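Lettered A, B, C, D and E in written order, each chain numbered from 1.
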Amino acid sequence: MLAINNIEVVYDRVILVLKGVSIDVGDGAITTLLGANGAGKTTTLKAISGVLRSERGEVTKGTVQLADRRIDGMRAHDVTRLGLVQVFEGRRVFENLTTEENLVAGGHVQTTPTVKQGIDLVYSYFPRLKERRNQVSGYLSGGEQQMLAIGRALMSQPKVVLLDEPSLGLAPMLVEEIFGIVGRLVKQEKLSVLLVEQNATMALAVADHGYVMENGRIVLEGPAEKLRTNSDIKEFYLGLNDGGARKSYRDTKHYKRRKRWLS
Amino acid sequence: MTRFVRSWLGVAATTATLALGAGQAFAQKEVVFGLQCDRTGPTANVGTVLCPGYQDYIALVNSKGGVEGHKIKVLEIDHEYKVPPAIEAHERFKKEGAVLEGVYGTPQMAALNKKLEEDKILGTSPGFGTAAAADGKRYPYAFPIAASYWSQGGAAVAFAKERLGGNLKGKKIAYIFYDNPAGKEPLAILEDLAKSEGFEMRTFAVPAPGLEMGAQILDITGRFKPDFIISHLFGRSPSVSIKELKGKGFPLSKVVGLVWASAESDIIAAGGWGVAEGYNTIQFAGVGKDFQVIKDIEAMYKAQGKNPPKEMDSTVYYNRGVFIAALHVEALRNAIKAKGGGTPNSEEVKRGMESIKGFTLGGLVPPMEITPADHEGGGWVQIWTVQGGKLVKVKDWFQGYRDVIQKHLAAEASKS
Amino acid sequence: MFHRESGVFKTTYGADMALYPLPIAKWTIIALGVIFVGIVPFTVHEYYLSILNLIFIAIVGALGLNILVGYTGQISIGHGAFMSVGAYTAANLAVKLDLPFWLTLPAGGLMAALIGVVVGMPSLRIKGLYLAIATLAGQLIIEWTINRVPAISGGAQASIEVGRPSLLGFSFDTQGRLYFFLLFFAVLAIVATLNLVRSRIGRAFVAVRDQDIAAEIIGINIYRYKLLAFAISSFYAGVCGVLYTYYFGIANYEQFQLIVSIDYLAMIIIGGLGSVLGSILGAVFVTLLPIVIRILMENVGSLFFTAAEMANVISGLRLGVFGGLIIFFLIVEPEGLNRLWRNIRSYFRVWPFSY
Amino acid sequence: MREDLEFAFALLMSGASIGLMYSLIALGFVLVYKATDAINFAQGEFVMLAGMIVVTVLGFQSPLIAAIAVVVMVMIGFGFGLEKVVLRPLLGRPVVAVIMATIGVAAVLRGWGPLVLGIETRALPLPIGDEPIHLGPATLPPIQALGAVVAVLFFVVFSWFFKKSRMGVAMRAVADNQQVAQAMGINVERYFALAWAMAGIVSALGGVIWGSMLGVDVQLALVGLKVFPVVILGGLDSIGGALIGGLIIGIVESLAAGYLDPYVGGGTKDFAPYVLMILVLMIRPYGIFGRRQIERV
Amino acid sequence: MAATSARRIAAQQGDSQLVVEGVSKRFGGVVAVQDVSLEVPRGAIVSIIGPNGAGKTSLLNMISGFYKPDNGRVVLEGTDITQKKPSDIAALGIARTFQNIALFSGLTVLDNLMLGRHVRMKSGVIGSVIYWGMAQKEDIAHREACEEIIEFLKLQDLRKQPTAALAYGLRKRVELGRALALEPRVLLLDEPMGGMNQDEKEDMARYILDVNQERGVTVVLIEHDMGVVMDISDRVVVLDRGRRISAGTPDEVQRDPVVIQAYLGTGKGGERT
């Protein structure tokens, strides 16, 4: 569905952030992208969705292919029109708009009747949003805002959704609820999802396929169940010891050097 | 790299031209006049007409061979009504050896007063600046050379008295003024006259920029209901006052504007000559094109194969520019004559200015007499009234309450 | 201030925190001192000294405004009014009590600081444009008050004449003498600002600018520091106003209207927000720009325009170029002349091995 | 007594009508701020430019309606261009930078406008007559009545636009978060340009009406000074705020001049609105109708 | 585990360094915190957990004085600090970090730490302007204290770097350093692990434990990562919709059915669909 081939991203014309990244997002599947802070995960998403341009970044090499169209170098609003939409980390809703106005804005590329249907569809997945439809979204709770952010993205009738850290700052129970809904969406609405997560346990639990990123490069990839059993992944992303049991933070030794796959 | 080189090229070019500019002063035997202008600031409506008038008159003089064999070079500097550039302008004039300078703007004149004295260069401030500067002993280098705000105030009351049948006892006069020092200056005279002439006066302040004065005009026409209005406004506000008074049905023939509320542009902006019919204006220089000197300037343009500039149609300010230039030239002429044809220095030009007498330029300049004691030259004004689409002279050169003005000047002098 | 270099090792914290961390910087300062004290005033025409004098005064005001806007992140478009507060305070003291400049100068500054704090009060609750407009209100109210209260303004003309400053019988009454007078205060202001911004208080100002909530929670009383910034900034403005007063020989509020506030804002924006060197460069630039444009046009413009057209073209051009340059700097070099200077310097430092 | 009441009523009417004229200018400012967060200190110069264009076109003997059409088109184009060249590169920069940039724009317009379009003061006659409209004891100049009507009309149209139309909602979304709006398929640049173009339309009509009232030359730009107390009082991003703010400021000015001035002998109407504005800000730091910034720690 | 048990004993003896008594806070009509009490024993690590919008950060804001509670009071070592200004509370020794990093981005790492010592410094305006002398001496003295923290947090290479350019995890560490520079008696940490990967979390946990054990600083922690919370806390307080629903040792809280129902869920995150 979505294929990223060996892209490079440069910020401010000098800072090389992505150094040849290739990712395949399967049709109707959840693909997850794991990695440390600053590894370039969010940049990858922005490079795909085209919002990079507004941050003085550009794709200098490689291609991004949505179905059979090249979308690298396209502007964000055109990419969205083609059926790919990004949900930003930190649930960036339009704080001064009401819930429903957020949804209307999300359906900007669609016709008015489609927007009406879309709103109903979103409410069916997120009934809580319906209760809050006329509330200014800046005052919604964190979980509701995350739901709104996802629901708003659905409004453009996307084929591919880029989901950036939906669990950030949410309570464990809400995280579960949201991932549950995402799972249902993928199945019922035939979505393809590229999921960026810190919460590797959760991400690998819902994903079909996974990539691990370090310093702007993909260092590891494979089916999710395979990654779950990888010993490096276990230690550095899941916090498990060799025996598979969780080790205590109390026992962590002093500031060990981080392992690098490629050094 | 390239940006860097380019910026240094710019610096080099500037330095070169600076040097060139310095060299030019020696190019020719000539006398330098400095002229400060506001062509872009809050009073640009004055400067953009007045300064061309000045320039044209000097060009005319030069085209006729100059003054007693001396050509005049005018150095004009636009200070945008800011004070520091006015200081810089003065220093530049001084460097270029200017023998006199036309200052423009009340705060600029205030800031330059001391410098003029220290550098012994005379500066003129026709129709603005402090009225006390008429006293040549106290301000030896400041030359109002036209009716000060005090004289204008006196003249306005004199005119009101005439219009109201020669007696102001029991009458009501409204004074509507721009709420700044210049606007307040005539108050001293007006209050004094209110007592001696027995009229009731009330003041109505209009804060800058005076784009709107509905409430003040309501107050005047609805509550105070005066017999006469003296209007001392600047910039855009005169036109607003004319329009508002007209709208409230107040007879404009009972209104007189001091010198900065009296130009054609004010009448045009107020909605045209029809709207302003009857409005009276005080002038310190002649108005209209019916002067030999104006015809000469037109002829000069025609001789160059050009049409006279549009600025000439705005005769009030244009003629004032000519007026200032003419007095400057006359001062120079006197100085050269006194020196027997030699090139005078600034001190000598000052004495030349102080001996101006009987120079009327065909009626554009009043019969003023500038003396070491009186730098105002007598405080002469005319009254012109809007009649049938143009300004018509209704009262020739006169001085209003000269005795009262003198009394105030004496009082000021005793203070310092 | 002018140099910073890697590859030099400091062995004490004191050396690491010094104002001029490199020996070469010390020599630059000494050289500048020799040029500005020993050479310039005795070789340059009085006209150019008068321009330098205007620049010196502008530097004091620009530094003050930069402390408020650049370092503390508060906006003021009422600085012209603070200058007039300083001016009238000094003028009244000088005329009515016959005080010398070394008393009237700090007095003017202090009074301006006091008024500045009052005008800055709204900053405790409002930010950004709202604050800018509140200070504009301060400007209008101060102007009105001075215009309306003869006890302050000295009468209908709102002008108070003051004599030239003098010290031990030496009167600073020519451009050449005023040069030393103003140079002294400009240097004093520069050194004081450099010290202030690297001190505890300067750091706190930047903290208030960058993250006011975090600043508060690590123990910086943001209200106190916002007002302190207004006070210090207005103190500079007041001193700047007093310097103008001595330089003009008169205090007159019409010399300090809104347009002055805007000119000073232009200085620090063009020079560089939050930079001492930027304030200096900005003051130089804004003062010189109209002069340079005019002189250029006087010489080059006659090729294209008649004398009559020239006058209008020069005026329009000056305003147009001034506005254009402000826009240009904001877009192309947001950090202002300060940054441009650093680029030039680093170009030279590696010269001839660039690129 | 009756006379006092009549005077008070006349003051109110005079203040209200001029206040709506202020709203007309302020609306352009609010539109731009609401959609793009940019603060336009050149609003007065916009109006000046529009006025100059109208009188210049009228100078070619063209009918008024054509002149208005031309000025609306030119101002739309000007708004577009200005956004692209000046404001867009300044996105995300501190308030003071945007303020200063628009002050720069103002200087450029004041410098070049008169050079190109004529320095002299010109009248801008509108075919609406001079006979004041009588409203009981108060009279209203027809030009102010026209200004008030246009201001209210704009208010209705723009309120509907932002609340009800999808384009309006999209524009508010852009104002809220540009990057996210982009990702929702909204062409942010087009909406920014649209906002400036709308401001251009408002300025064009503001220029026609104020130009007709004051005459046209460089000083027409001074009307821009009136914008600030109006928009701050009403709230920077509120269309209704601009309307009500204008009304309040106009009335306060009027009452200050009528009742305060006689006691202090000076022009209080210049700063009375600002004092009121500061008082309001102390209670509501975001203006009467402005939106509270949603801040989280 | 000796240190831990000593602390437990201190807690049982009621040596509470920080006491929050029945505080409430409403915003408009919304109740953010309702009648919440909290006792923080000297030298303990106390964690506050709960769903989003439970009022955790609001509670922290009330302790650090950024919000004034509608009811109740906050007492630090016997001093009522409820109505004190945030800056005064900081001066009394309560430091904190923020959920969304709030460093002074225009300043270097060193200057950020020096700012942390602001309340421990005294030079006034005159002193600062003259600088040479008192202010300089003071700056140097405090510089030493900051260098010590720089060493502790392994920030030596970054001293003169502007914080805006640092990686996320490092910025969190600098923020911790800035809080430590204050020489706090109580340290409030708002999601110090938020957005961190495993590696960074382990480092941060280690630092928190060191701060607590070696420097004897009492720690109040908001964190969503249950692993961290359960491992390093001495006590856990659970909030839900502004109310305190449970409190106790990590084990007690983990087993509390109310907590499981409101917050933790099945505890086997994600294993569904």
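The rule we apply is simple: a residue touches a chain if its C-beta (ideal position, glycine included) is under 8 Å from a C-beta of that chain, and two chains touch if they have at least 3 such contacts.
Treat the numbers as computed from the prediction; the structure is a model and nothing was measured.
Undergrad: Which chains are in contact with both chain D and chain E?
TA: Chains touching both chain D and chain E: A, C.
Undergrad: Using the contact definition given at the top, which chains are in touch with both chain B and chain D?
TA: Expected: C.
Undergrad: Using direct touches as single steps, what is the fewest number of steps from chain A over to chain D?
TA: Contact-graph shortest path, chain A to chain D, evaluates to 1.
Undergrad: Can you name the chain that lies farthest from chain D, using the mean of each chain's Cα atoms as its centre?
TA: The chain lying farthest from chain D is E.
Undergrad: Where the CA atoms of chain A average out and where those of chain B average out, how many Å apart are those spots?
TA: Chain A and chain B have C-alpha centres separated by 73 Å.
Undergrad: Measuring centre to centre with CA averages, how many angstrom lie between chain A and chain C?
TA: Each chain reduced to its C-alpha mean, chain A and chain C end up 50 Å apart.
Undergrad: Starting from the mean Cα coordinates of chain A and chain E, work out the distance between those two points in Å.
TA: 30
Undergrad: By residue number and range, which residues of chain B touch two or more other chains?
TA: 40, 48, 179, 207
Undergrad: Can you tell me which residues of chain A touch two or more of the remaining chains?
TA: 139
Undergrad: Any chance you could list the residues of chain C touching two or more other chains?
TA: Within chain C, residues 144, 147, 213, 312, 315-316, 318-319 contact more than one other chain.
Undergrad: In the complex formed with chain A, which residues of chain E make contact?
TA: Where chain E meets chain A, its residues are 30, 50-54, 99, 154, 167-169, 191, 194-203, 205-206, 209, 224, 226-228, 231-232, 262-267, 269-273.
Undergrad: Enumerate the contact residues on chain B facing chain D in the complex.
TA: Per the stated touch rule, the residues are 40, 42, 44-45, 48-49, 179, 202-209, 211-216, 218-219, 222-223, 235-236, 239-240, 243-244, 246-248, 265, 268-272, 275, 310-311, 314.
Undergrad: In their shared complex, at which residues does chain D touch chain B?
TA: Its residues touching chain B are 3, 6-7, 10-11, 14-15, 17-18, 110-111, 114, 119-123, 125, 130, 132, 139, 141, 213-220, 222-223, 225-226, 253-258, 261-262, 265-271.
Undergrad: Can you tell me which positions in chain A touch chain E when the two form their complex?
TA: 35-38, 139, 141-143, 165, 168-176, 179-180, 183-184, 198-203, 205-206, 235-239, 246, 248-250, 252-256, 258
Undergrad: Under the stated contact criterion, what part of chain C meets chain D in this complex?
TA: Residues of chain C touching chain D: 69, 73, 75, 122, 125-126, 128-130, 132-134, 136-137, 140-141, 144, 147-148, 213, 262, 265-266, 269, 273, 312-313, 315-327, 330-331, 334.
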